[in-house]
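Once you scroll down, you'll see the structures, which are given as C-alpha cells.
Here chain A shows up in two complexes: once beside chain B, once beside chain C.
What follows is the complex of A and B.
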C-alpha cells in the first residue's frame, strides 16, 4: 500500500461515513475500516483505544445534553413533535459512530506506515513540492517550539508565575509563556534563515531530497482498498 | 507571493497554532486559542492583503491537518472557519498593525481595536462554524458552549439557530483573547523578521 492509496481510502471512508444516515450503514463502513486496520498486520488495539478515548467523553456529554436535558432528537424538534428519549439516544449513537469511524480511519492509515519517518511519508505523497516543503518545515518547527514550551514552562513554574494545575495564576500569566516561547522561536528562526540555512544550503538540500522521492503510482492493493471503500460507502447509503 | 521568508513564516505560524493548543492543554486554560498563528501570519504579511489571506489560510489549514492527524481528528472540518478568520485578519485586523507596534503602547486605541476586531472575528467564526457543528457533531462539541446550545434547544429553538446563538455568545470571547495575544506577539516580533516578509523585488540587473 502506498501513502497516496491510504489517503484516498481514508478520504473515501470519511465521505461515506458523512453521507451514511443510519446505524446499519455506518456499521458496514466501520467493518471496512476494521479490515483496513487489520491488513496492516499490527496490533489495532492502540488505534481503537485512541479513537474511543476521543469519542467516549463526547458521547457521555451528548447523552447528558440530548437524552438528559433536551429529551428529543433534532428531527423531532424540527417537526415540532413531542419526541422521545429513545430517538435522542439513536441520534447520539449515529453521531458518535460517525465520529469514531473518522478517528479510527486516520489511526488505521497510520498503522500501515508505523515505521516511516514524517519526511519519508511526506516525500511519497503526490503534492506540489512547495506544499511538501511547507509540511516538512512545519514539522521541524513544531519540534523547536515544543522544546521551547518545555523550557519556558519549567522556568515559569520555577519562578512561581504559573502552576502545574489549573489556576487563576495560569489564566493571568499564561500569555507570558506564549510570549516567551514566541521570542525564543523567532530568534532561532531569524538566526537560521539569515545565517545557518544559507551556509548549510538547507532549503536547497530539502528541495533536492523531496525531488529525489518521486511518489509511486497507485498499486493493485491501493485499487483494491479504494474499491472496498466505495463499495462500503454505497452499501451504507442503502 | 510565496517567497522563502513567507514560507518560513507560514510554517512558523502553523507550528505556533499547533503548539499553543499544547500550551492551553498544559496550563489547563478554559479556552481554545487555536487560531493565534493564523491571525499573526496575516499581521506579519500585511500590507500585501492577498498574500496575507493566502498565507494565513495555509498556516491555519496546515495546523488543522497536523492537529487532526495527531490530536483532534475533527479539526480539519473547520477549514472554512480558518479561511474566514484569515480573511477577516488580513482585511480588518491587520489595519491596526501600526497601532499594535506603536511605542509607548497607546492603551485605549490598542484595547479598542483588539476588542472590535476580536468581536468581528468571533461573530464571523461562529456563523461559519455552525453548519459543521450541526452536521458533524449534531450540535454538541464537548465545549462549555454546549450547555448554551442545550438551553436554546430546551426553549424550542431549531438546532442550527441554537448553535449559531451559542457560538455568538461564546466565540467572541475566545477570539478577542486570540487577537490580543496575536497583537502582543506581533508587537514583540523583531523588525528584522517583519522586513523579511516584504514581497521580493524583481532584480534590475
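What follows is the complex of A and C.
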C-alpha cells in the first residue's frame, strides 16, 4: 500500500461516515475500517483506545445534554414531536460513532506506515509542494507543543509546584502548566523564526527535500482498499 | 575559523548574525535547541535528511553513531548531542559558512576538541566557520569590543550576594538506581551513590551519558524504573511527593520558569512550598538577590530578557538557599570569564554554608575554582 492509497481510503471512509444515515450504515463502515487496520498486521488496540479516548468526553457531554436534560432527539424537536430518551440516545450514538470512525481511520492509516518518518510519508504524497510544506510545518508544530509540554513540566516539577505522578496539586496548578506551555511554544517558535530559519533559508531547503521525493503511483492493493471504502460508503447510505 | 571575541553584551551575537546574513544562506547553531536544530523534523533521521545535500563532497563530521539515534526525537537528545547532530547535518549539507553562537560550550572535552579541529581545518574543504565562544582564548592581535548599553542594564555583582542562612544538612543516598528512556538504552543500571551535604559534586561524562537525567531523577522530573532515594535517612520519592530538596538551575534557563514575570515565579513557588513547610526568603531578599544577578525589577518579563541575563537569573533559586541542595546544569553557558569566576566563588560560599551542590560543567577552569568531588557517569553507573 502507498501513502496516497492510504489517504484516499481514509478520505473516502470519512466522507462515508459523514453522510451515513443510521447506526447500521456506520457499523458497516466501521467494519471496513477495522479490516483496513487489521491488514496493517500491527496491534490495533492502542489505535482503538486512542480513538475511544478522543470520543469519550464528547460522548459523556452529549449524554448529559441530549439524554439527561433535553430528553429528545433534534429531529423530534424539529418535527414538534414529544420525543423520547431512546431516540436521543440513538442520536448521541450516531454522532459519537461517526467521530470514532474518523479518529480510528486516521490511526489505522498510520498503522500501515508505522516504520516511516513523517517526512518520508509526506514526501510520498501526491500533493502540491506548498501543501506538503504546510503539512510538515503542521506536524512540526505538534512536535513543538509536545516539546513545550515536556519543558513546562520540567520547570514546574523542578520548582516543586506539581508532581510527576497524578495528584490534586497537579489539578490545582493545571492552568499554570497550560500558561507555561504556551509561553514556551511562543519562545521556541520565535527562537527558530528569528535567527535560524531566515539565515539558513531552512524552509526553502525543506521544499527541496520534499521535491526530491517522487510520489509512488497507486498499486493494486490501493485500488482494492479504495473499492472497499466506496462499497462501505454506498452500503451505509442504504 | 574566525573567532568573535569579547565579554557579554559586547555585541558578539549581533556581529555573528550580521556576518551570516551577509553570507546567506549560512548554517546557524544557536545556544539552545530551538536555534540549533531545524524544528521541522520528528526524528533524527529526518533532521539529517532535510540538510543532506546531493553533492556535499566534504568529510562528514560523525562524532556519534547517528544510525542508533535515527528514530529518536531530536528534542529528546541531550544539549550536547543536539549540537553534535547540528554539526553532523552541516557537514552533510552544501552550506559553505557556519555560525556557532556559544553552542560548543555544551560539548564534553573530547567532542569539543573534535568539533574545533573539524572547523579549524575547514578551509581545506571550503568551509568558513564563525564562532562566538566564551572558553576559546582571544586570538593574538584581535580587538576586544567594549560592552554596549545592555551590559550596564544587566550588570551582575555576584560578590554582593548575601550569604545564605546556615543549612540544615541533608544527606542523600541513592541505591540501585535504574532508568531508561522508552525504547532507549539503559542510562542507569543499579547505580548507587551517597551525596554528603557541604560538598560539591561535579558530574562528568560524555554528551548523552546521563548527567542531566540524574539531575532530573533527583528533582522528580523523571521517575526511576528501580531503586530508592533517601533524604536525611528517610525515603524520598520526589516524583510522587514533589521536589523539596533540590533547587534546580536547568541547562536551558527557559526550562525552569514557573511564571511569566519574576514576581509571578516567586509568588507561585512561595504559595506551594510554604504550604509544605519550606520557608522562602522574603520578597525583598529575593529582589536583592535578583538585582545582584542583574535583574532589577520583579515585574521583569522573563521571556523578554537576553539569553545571558536569563541564564544568570536561573541561578537565583540555588543561590537563595531555599533548599538544602543546589543543582546547576551547565551554569556557565554563555557567560564570560569574569562572570564565570564570580559564579564559582558564589557556589563555593554556598558549600561553605553547609549546602550540598551538584554541578554539571564541561568547563575545567570553572570547576577548578570550586573544591569538588568528581562523579563520573558511564555505562549506567555513577562512580
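Rule of thumb we're sticking to: the second predicted complex is superposed on the first by the 163 of 238 C-alpha atoms of A that agree within 3 Å, B and C clash if a C-alpha of one lies under 4 Å from a C-alpha of the other, contacts with A are read in each partner's own complex, and residues count from 1 in each chain.
We take it that a residue touches a chain if its C-beta (ideal position, glycine included) is under 8 Å from a C-beta of that chain, and two chains touch if they have at least 3 such contacts.
From a predicted model like this one, the values you see are computed outputs, not experimental measurements.
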Check the residue A:161 against both partner chains and state whether it touches chain B (first), chain C (second), both, or neither. second
After superposition on the shared chain, which partner residues are touched by A:13: those of chain B (first), chain C (second), both, or neither? neither
Please work out whether A:61 is in contact with chain B alone, chain C alone, both, or neither, and reply first, second, both or neither. first
Touched partner set for A:117, first chain B, second chain C, both or neither: second
Quick one: classify A:206 as touching chain B (first), chain C (second), both or neither. second
With both complexes superposed on chain A, which partner does A:1 reach: first (chain B), second (chain C), both or neither? neither
With both complexes superposed on chain A, which partner does A:185 reach: first (chain B), second (chain C), both or neither? first
Looking at the overlay, does A:195 come into contact with chain B only (first), chain C only (second), both, or neither? second
Which of chain B and chain C A:144 touches, first, second, both or neither: both
On chain A, which stretch or stretches are contacted by chain B in one complex as well as by chain C in the other? 137, 139-140, 144, 146, 153, 162, 165, 179, 183, 186-187, 189
Interfacial residue positions of chain A with respect to chain C in the complex: 117-120, 136-137, 139-140, 143-144, 146-147, 150-151, 153-165, 167, 169, 173, 176, 179-180, 183-184, 186-189, 191-192, 195-202, 204-206, 209, 212
Residue numbers on chain B that touch chain A, as the complex places them: 2, 4-5, 7-8, 10-12, 14-16, 18-20, 22-23, 26-29, 36, 58, 62-63, 66, 68-69, 72-74, 135-142, 146-147, 149-150, 153-154, 156, 158-159, 181, 184-185, 188-190, 192-193, 196
Taking the complex as given, what residues does chain C use to touch chain A? 17, 20-21, 24-28, 30, 32, 34-36, 38-43, 45-46, 49-52, 54, 73, 75, 95, 99, 216, 219-223, 238-244, 246, 248, 250, 252, 254-260, 265, 268-269, 272-273, 276, 278, 303, 317
Inside the complex, what are the residues of chain A that reach chain B? 18, 54, 57-58, 61-62, 65-66, 69-70, 74, 77-78, 91-92, 95, 98-99, 102-103, 106, 110, 130, 133-135, 137-142, 144-146, 149, 153, 162, 165-166, 170-171, 174-175, 177-179, 181-183, 185-187, 189-190, 193, 203
